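Here the chain labels run A, B, C and D in written order, and each chain numbers its own residues starting at 1.
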Amino acid sequence: MSEQIKEKETLEALTKTFEKVNGIVQRDKRVIVETDAEIIPGVLLYAKERLKFTHFSHMSCVDWIENNQFELVYILWSPEDKIQLIIKCVINREKPIIQNIDNIWRQANTYEREIREMFGVEFEGLIGAKEFILEDWDDIPPMRKDFDTKEYSSKHFFDRPGREDAKDVRTVITERSGEEIPDFAKKYSRD
Amino acid sequence: MMNSLFLLLFILFGSAILSYIGHRISETLGNIIVVVGAFSASIWFFVGFETPAEFSYKIADFDALWSFSSYSWIFAALVSILSPLALLYSTSYMKGKERLGTFYFNFFLSILGMIGITMSQDFISLFIFWEIMTWSSYLIVIYLGKDVEKVGIKYMIFSAIGAYALLMGIVLINREVGSLLIEDAFAYFPQIQFSTQLLIGILLLIGFSIKSAMMPLHVWAPGAYSNSPMSYTAVFSGALSKMGIYGLGLVFIRLLSSGEFTLINEIFAWAGAITTLMATFYAIIQDDAKKLLAYSSIGQLGYIIVGVAIGTELSIMAAIYLAILHAAFKGNLFMAIGAVEKQTGSTDMTLVTGLIRKMPLTFFSTLVSIIALAAVPPLGGFVGKWMLYQSLLASEHFFLIIVIFTASTAAFLYSFKILYSLFLGQEEPEFKNIKEAPLPMLIPMILLSLFLIVTGTFPGILFEPIANGMKYLGFNDVNWNMSLLVNAWGDEVNLQHVSMYIGTIFIVAFIFISLKNRKRTRYVTTKDISTSGEIPLPHENLSFKLNFYKPFERAISPVMKKTMDSIYDEIGNGLNALFQFIRYIYSGNGQGYALYVIIFFVLLLLLKNQIFGL
Amino acid sequence: MNWSLILGITITIITAFTVGMFYGGISRKVTARIQNRVGPPIWQNFLDVLKLYSKESAIHHGWMQHLGPLWAITASTATLMFVPILNNGQFYQNLNFSGDLIFLMYMMVFGQLGMALGAGQTGNPNSAIGVSRGLSQMVGYKVPWLLALVAIMVQYKATSITGLIELQNQIGWLMFASPFAFIAGLLAFIGMMHYSPFDIVFAPSELASGPPSEFGGKYLGLMMTSGSIFTFAKLVLFVDVFLGGASNILELLLKTFVIYMIPVIYGIVSPRYRTEQSIRYFWGWPTFFGVIGMLYAWYMIS
Amino acid sequence: MIEKKDSLAIGEYIKNFARKHSLFVLAYGTGCGAIEIPPTMTSRYDAERFGIRGAATPRQADVLLITGYLATKTLKRVIRVYEQMQDPKYVIGFGSCTINGGMYWDSYNTINSLDKYIPVDVFINGCMPRPEAVISGFVKLQEYIQEGKADGWRKYQNNIEEYRENQKRIIKNWRMPDYNL
């Protein structure tokens, strides 16, 4: 196992500079930090300009419906140090507004438009904030947990007859081999 | 009784003045005078000369003689047919423009100049009429006031060079021959010293070839052609440039007829061929329809120069035939582009699009002219090109034929481009309300198109006057048939068979394809195209216009770069430096030029004994 | 009415259509065999054309598109009419004596111009790109083709095809008498057939088949008919000029087939040239051979 | 053979014969099934034996091959492409997704049964169908064409209102021009 010097340096630099940043070195070449939504552009800009995380790998959103939160995840990569930096922040699910970062990385615009459409997160001052991937969508954003995709599908599309008595594959397996369905798997079961 | 020749000029001059006055009073009155004057002059030209008319007089002790030779009659007829059509077109095209009086005054003057040139049988009146033609055309080139510095001055400079070369030649002829009559010059020319012969020949050739826009003396032409109003450009490119050809024909065939001048003939033929090739390449890369046609004119004049310079019977015939045809199709094309400009306000080929259903007749006349230009059978243009190639084959100019044939093939590129860009392609909403051109513009175009169609099958109607005119040039038995082309080796093309076959098959196939599934054949708009399922929005322009021939440009870029950078630009830069100097003399003011010429003539008359050695 | 002429024209067109179609089928079969496939039957092209004619609906974007395929078929059959099918007038004469080589060179472009205009009217950008490429490429292969033909016309002082055939009866095939012109002509001919590597005009996946992309049903059928007739006409012209014509149908089929297979087989193993590459290719070696042929002709007559 | 099919005149028989043996296929390859097309066309399975050939544009094509799932967004394009094709035209639904949605049966953005929106002449099931299955589907289509049963295009013309209604349930903002029907 390596010393993880660079990783620690990065984490230290971030936590020293920003009060509201805390995080861990998860493993080699990966640092995860959490921060407040208000200072996200500052943290990203700092990581880009000072810590040389010049590459914006990815940005995604997680719907924590139990906590009534959206978690936004920004993944950066430093080509120089070969370290991945994951920055997370949470925003209120009822009023999902966060600052726009596409002036830091232009490619972030595409991710932001996708997240806007799929989760309904609004980005302040987003360029091209209009219909992006979905066409003529008139329901709640489809990637939210409270969106029932099966119900939507059966309401809008024609289910072909014969599908309803098709058995769940897990049921078939358990019947054939006499095994029990494990508890953790039961909640995913169709019945 | 007034001499019929004099009357012709009188009608033209009278129309010039009357139309000036008429346009001062009202536009309608002016237009009526213009049309009546133009057509009466033309009718008088065709019916007024029952017997060979002559008119002789004296200018300051020089004998002057006006009369039409059978050769010059061809060119005069060309002017007399094209110019009234262009003027009729002009009444509608120029509607609402300013200073119409001046425009028509100059228009008539340049027609007068051209008619005068063809009827001059002495050098001094030829020169006077040449200058009248040059000035009036210059004033029209700068009439619209666009790029006067670049275009107008360039045209004036080149015209001046041409005129002075011409004048020097005339002065030399007078010194050696002692007469200014053209016939005398031809008769006594062989007795002159060889070096003087050569000098006279080259001076006259330069003088004439500038008007016919030969490389490297063509620099004025693209700008001048595209800058003047299209109704005049039809005459400018169609008829006025033919005056240069007229002169070249006289010089090459009658003056430099002995075998010692073959080298000059060869040089001019090659210059003509390279003019054709390069002008065609330049036409291909143009994005403005006017510029494209201007370069194309230069290219087509190149063929004619080749024909004249080769100087065999068939090649002269081809050249004169092509000259007439070029007047018809290029006049027609400039008129059609003018119609597009009038109706849409632009001739930019990257903007204007999809006019075929809006302006079908304009499209038809453009199509016919383009087929004639591209020399595709069964229209008239093919006949001229065929004779030219056959004459080149028979006179063993192998590589020349390759160059001009390549140019002719490359001409398809710009031919298609102009048709496609303006008339075909996507129909855009911004050109939704375009209407067909008004009737006075359509009539000349349709008439010229019909002429082109008829000459494709019956070129004999043109061969008759051409053969007649070639007697004057010394070719006494010119073989011609109404619709049969025969080359030196006896191989032939039967045009009637060709047109009949093409017509029949076309009609049969047309009936087949139109009747088959007639009820289930539908017209769909140009937005309904296979675009991988995507629906183009109304404002989305899907036309492929910009850099249309980019691959071709890339392929020919080495030759273009060399020619353009090293030769063109150096000449251009050199000339620009010259312009800077000469601009002090050429003030850009018509009065000033008149003054210069008057001073020049006064000096000429005062010093005539010293100069001409009388 | 000259019924024998009409009969001759009809029979010639039908012959050309049949042979052209079969050659097309054979080329597909050969391609398939080279790619280790079974391939379609050799009459597959007939079925394709028949199917296209039996389509029940058609669309056009305007008159010019409606007329485009007509121009093509007019030009291809016209080309055929002026080319002697067999020597010594053994086949129908048609209009053999009414045109010569220079006429044919222009006649062959007539159809391309018409097709280009038809494709232009569709408003499909792919069609226009295809046309721009096709016309550019045409200027490319015309130069060696022209050099070859001019060299022959100059050397033997004949521009008519019948004249050239008669001449070859005396001095043997021009392929051997003027070898350089033949090489230049053959290389240009490969380009004229529009097989790979010179098929960027009709690139199916890049340009959606280029100029014909908006043509379907009867229009595409007429274009395919015209294409097969034109193929045959070009082959016969080439055989007449360079291979001494043919004295019976069998000989004609043999010669044309051999010539036809050259572009086909060359095409299968060649990748595609870009437009400017193919223009430069034609202005390279083929033109060089053409110039050599021309100098040779010059040397021979002086 | 001809006598058996009383309803078909000889002309119709010949036409159907030509149609059967010359199928220009436009593969709408947005689904995962598109990967099965290259082996079908190339030397291993060689569909050209049956006169099956790729077409570049809908204008030239006879068969529309829907390879796999169709998102609601791609359905719009498929309808446009289908309507741009010339009659007679056939549709082959390729893979389970076109039949009942397949593994995307409960997805919010893939349709479940293709034949509600455009008429399908032959379905090929499987996820994915192997090239053998594809070819057998084509052969089935050829049989139908010969028998005159492959008349989905006529069904589409006759029941256009019904199809339009279904299509408009998916494509709410209907701004498609009126195409070739």
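Quick note on the criterion: contacts are C-beta pairs under 8 Å (C-beta built on N, C-alpha and C of every residue); 3 or more make two chains touch, one makes a residue touch a chain.
From a predicted model like this one, the values you see are computed outputs, not experimental measurements.
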Neighbouring chains common to chain A and chain B, by label: D
Topological distance between chain A and chain C, in contact steps: 2
More contacts between chains, C-D or B-C: B-C
Geometric centre: closest chain by C-alpha means: C
Label of the chain whose CA centroid is most distant from the centroid of chain C: A
Chain C-chain D separation of Cα centroids, rounded to whole Å: 36
Euclidean distance of C-alpha centroids - chain A vs chain D, Å: 39
Where chain B and chain D are represented by their mean Cα positions, the distance between them in whole Å: 58
Contacts with 2+ other chains: residues of chain D: 57-59, 76, 87, 180
For chain B, residues contacting two or more additional chains: 520, 522, 524-525, 527-528, 530, 532
Residues of chain C touching at least two other chains: 55-59, 208, 213-214, 217
Category of the chain touch graph - line, ring, star, complete, other: other
Pairwise chain contacts under the document criterion: A-D, B-C, B-D, C-D
Chain D partner contacts - residues on chain B that touch it in the complex: 520, 522, 524-525, 527-528, 530, 532-535
Complex contact set, residues of chain D against chain C: 14-15, 17-19, 21-22, 24, 42-43, 46, 48-49, 51, 53-54, 56-62, 85-88, 180
In the complex, chain C residues that touch chain B: 9, 53, 55-64, 66-67, 69-71, 73-74, 77-78, 81, 95, 97-100, 102-103, 105-107, 109-110, 112-113, 116-117, 120-125, 128-129, 131-133, 135-136, 138-140, 142-143, 146-147, 150-151, 153-154, 157-160, 163, 208, 213-214, 217-219, 222, 274-276, 279-280, 283, 294, 297-298, 301
Chain A contact footprint on chain D (complex, rising order): 72-73, 76, 99-101, 105-113, 116, 166, 169-173
Footprint of chain D on chain A - complex, ascending: 133-136, 138-139, 142, 147, 149-150, 152-154, 156-160, 162-163
